[in-house]
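We call the chains A, B, C and D, going by the order they appear; numbering starts again at 1 in every chain.
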Amino acid sequence: LEAAKKAGKVRVPTNVVSSICDDRGEEPTYHGVTMSTLIEGDFGVGDVISLLWFKRSLPKYATRFVEMCVMLCADHGPCVSGAHNTIVTSRAGKDLVSCLVAGLLTIGPRFGGAIDDAARYFQDACDRKLDPDEFVEDMKKKGIRVPGIGHRIKSKDNRDKRVELLQRYARKFFPATRYLDYALRVEAYTLTKAANLVMNVDGCIGALFLDLLHSSSLFSAAEIEQIVKIGYLNGLFVLARSIGLIGHALDQKRLQQGLYRHPWEAVLYI
Amino acid sequence: LEAAKKAGKVRVPTNVVSSICDDRGEEPTYHGVTMSTLIEGDFGVGDVISLLWFKRSLPKYATRFVEMCVMLCADHGPCVSGAHNTIVTSRAGKDLVSCLVAGLLTIGPRFGGAIDDAARYFQDACDRKLDPDEFVEDMKKKGIRVPGIGHRIKSKDNRDKRVELLQRYARKFFPATRYLDYALRVEAYTLTKAANLVMNVDGCIGALFLDLLHSSSLFSAAEIEQIVKIGYLNGLFVLARSIGLIGHALDQKRLQQGLYRHPWEAVLYI
Amino acid sequence: LEAAKKAGKVRVPTNVVSSICDDRGEEPTYHGVTMSTLIEGDFGVGDVISLLWFKRSLPKYATRFVEMCVMLCADHGPCVSGAHNTIVTSRAGKDLVSCLVAGLLTIGPRFGGAIDDAARYFQDACDRKLDPDEFVEDMKKKGIRVPGIGHRIKSKDNRDKRVELLQRYARKFFPATRYLDYALRVEAYTLTKAANLVMNVDGCIGALFLDLLHSSSLFSAAEIEQIVKIGYLNGLFVLARSIGLIGHALDQKRLQQGLYRHPWEAVLYI
Amino acid sequence: LEAAKKAGKVRVPTNVVSSICDDRGEEPTYHGVTMSTLIEGDFGVGDVISLLWFKRSLPKYATRFVEMCVMLCADHGPCVSGAHNTIVTSRAGKDLVSCLVAGLLTIGPRFGGAIDDAARYFQDACDRKLDPDEFVEDMKKKGIRVPGIGHRIKSKDNRDKRVELLQRYARKFFPATRYLDYALRVEAYTLTKAANLVMNVDGCIGALFLDLLHSSSLFSAAEIEQIVKIGYLNGLFVLARSIGLIGHALDQKRLQQGLYRHPWEAVLYI
């Protein structure tokens, strides 16, 4: 390219490469599928996600699963880090995008962002045929918390309903649930250690996505590895929770809440 | 409250008020509807948006319309401001949330963020029974561009397919399309001024949302006014485009694109 | 340009115009001043801000004033919206940039972002020779709070030290303090209404910047108008508070604080 | 705490711990130093950074070094990722904070964010007394690029002036430059591999900060380790570049640049 450029053969060298959406023709296309096809056929939000993220059409059970994840992760109350930041920003009188963004920025290893790591570790451990107790003890030695395990509120006797609903769906429609089964064996072991070390919604989605990718026979091994490595799955949580965060931003504006100030007496100054 | 607090009657005064999602019970609820209901019934992403943003269930034609907006606005190629920023950030090796956020921050008056203003002005002009030409000339006098009108690429003879699809749907399913009809009369007038002054997708969604709110008989006049004033509708564009932005961020990582640097020769240093 | 482009005369049309910093030569320059000059001469952070924002060298008393603003606004404890969001994000385990950004996004009309509006209104009222009471009552009629007036904590008998320090400096070094004097007359009037309606630090910086711009004789009237209209001055607060926000992000990491969750009992669910 | 809380002994348990700035008294203090002291003494921006980030006063040569880093890293033209994103966002008509933030979010491993990693690796290699060639070859085996080495534009015969200025200052004022010397030996080796593998400004600041921390005798070994591990130093780049990014945002507004759209012909659609 550099040579061609120097030789004057290329007038404007392309400096961006892109592959998901083409807006140059009569009608924009998502991975080659036109808007008209999408709207006039029986397609939904899950199909758009498939096309733009995974660059292929996925079967109905898979796109519905994607939509279920979006629905279940859309919100989890005003107390979690993301909603709280959004609420504070909305109460500072800022525009909707700023409010949403301030909340999104809390998503990461400790809040909502454990799906990819859960998938990474479960896949690795399961594929290496590690016994769940070995896996957990190994992680402990390395000083890493098992991603996808643990919840601040939920526990053995107060399960996360979202996790149950996802499991039930997968057992009914997925060709196989090898990774879910593995994750449940991990949970069985961690629950012997502490009652709050349940498989959380991140862990469940992580494991089930592995099952989806592996059992759908639509992805090559190399593609799965890339998806898991790059980290597509947190994208799902991020997208889903955007619905809730926007909701919280609007809620505060509707309720005309004033500037938030954390109470002095709730701070320990050291 | 301050008094009660001082009197020791209130131990921990609440400092946050919230109304969209309750996570304290057995199961989180979206405006009172449990996760189980949502998943086990035939509900979708549009229903979750209705519950969390509008705090009510909307009829099927309305939630499908919401989902159509999300699908149609999900992406519009790599060249627009939002996608471009996300691409640059992804190529800087940043995490998915940062990439998404850098793109979202471009959404505003000139890019994607005109839906609410379109609704505001169309509603005001239509309700005041202004003739479209009066309205447009009025805006001109005030030096304000008519939001929802104009496109950098599309024009009279190269219509935006998305706008057509939305119109067709609304004519089929909406009880009334009073505001759409008004917006089209505005467009008819602006097109006499320049070929690219078409009703854009922001304008179309803005007008149709007014129709939805007014003709569904589920919202009081005061509620509609609040929705339009606060600006719920840009939320839709923001949510929709998040799908595309996440797609672009993943795309660049998949394509292993290196650090972007804008070409020197494309900059005019003054 | 378009014509030249079509005629093939321009191969790569410039699509960005920029004027503050040139990085093409041997040495990057800030508005024409080389790094070597800056470092080897007795220049400081205030000079860099002058060159990159105002595109000129400012006299020592002015760059020191700029630096004073940065120093005084650098932080204001962990309870304000910005610091709080940064703390929450840091406790979510996110990277430094994300923590900073989540805090910055709260800066706006209600938190720290009133400097430009203060300058705008004080300039307008003072130039129109409005009596302070007229001005305040006018604003009241319009339903706009006087920007630069009011504080949640400080009051008549508990003045903001930062405001005092800035005033003292200006009286000593500024050629004139016409706008400050006006702002103080406004405060005198608002204090008759409520004890917390003091001139706040935003108001003080806003007024003094007007004095700086007008009395330095380095800016044309058109330039001043543009600076006030565009809103350079919030930039100062934003830059300054970045120091504090980064400090809070690091502080939480140093203190190894875990994920923040707002206490349920501090939320009123309605 | 939980017990005390349950027993009703603690009414409002503190849920935030903070240590850098106290705003409860008459006057806010930065690590115990009042505003008045800062302004009335001969203190500057570097001192505020020392107090809020490092929680101690640093000697004059150190705070001047901090200020020099801020000055030298304040901007590097409109073409780099950060400035470009800010420019695009400003041209989308967004507020100053959004513009700044969109630029900041590109700072990371490939753009500006290599200071901490440079410090980490140089410290580790130097303390383990690795020969520079061993160190570089080791990194190569691990597939990690040496942070602080390499530049897209600068090279052996076109050195980065900023790097020279920092070095010269350090040799004059620092008690010791052990880590700088090590980094230069690393550069000597990488330059034998390619002409653009120079020590970049990130590498230089990283090495010199190690020298500052170690030779000032103000930090314990544990404190230094924590600073390097947590990553304070990118904070410096982030703060510095904020000046330039704000400058670019204002510049575009001043120049009244319209919405940016990346040229179609500069994109390779695949």
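The rule is simple: a residue touches a chain if its C-beta (ideal position, glycine included) is under 8 Å from a C-beta of that chain, and two chains touch if they have at least 3 such contacts.
For clarity, every value in this text was computed on a predicted model and none was experimentally measured.
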Co-neighbours of chain C and chain B - touch as defined: A, D
Chain pair showing more contacts of the two, B-D and C-D: C-D
Whole-Å gap separating chain B and chain D, where each centre is the average of the chain's CA atoms: 37
Computed distance of Cα centres, chain D from chain C, in Å: 22
In chain A, residues with contacts to at least two other chains: 12, 15-19, 22, 24, 78-79, 84, 95, 97-98, 101, 105, 107-108, 255, 260, 262-264, 267
Parts of chain D lying in touch with chain B, wherever the complex brings them together: 11-12, 78-81, 84-85, 88-89, 91-94, 98-99, 101-102, 105-111, 152, 255, 258-264, 267, 270
Chain B contact footprint on chain A (complex, rising order): 15-24, 26-28, 30, 34-36, 38-40, 43-45, 47-49, 52-53, 67-68, 70-72, 74-79, 83-84, 87, 95-98, 100-101, 104-105, 107-108, 113, 158, 161-162, 165, 169, 226, 230-232, 234-235, 238-239, 242-244, 246-251, 253-255, 257, 260, 263
Interfacial residue positions of chain B with respect to chain C in the complex: 12-19, 22, 24, 95, 97-98, 101, 262-270
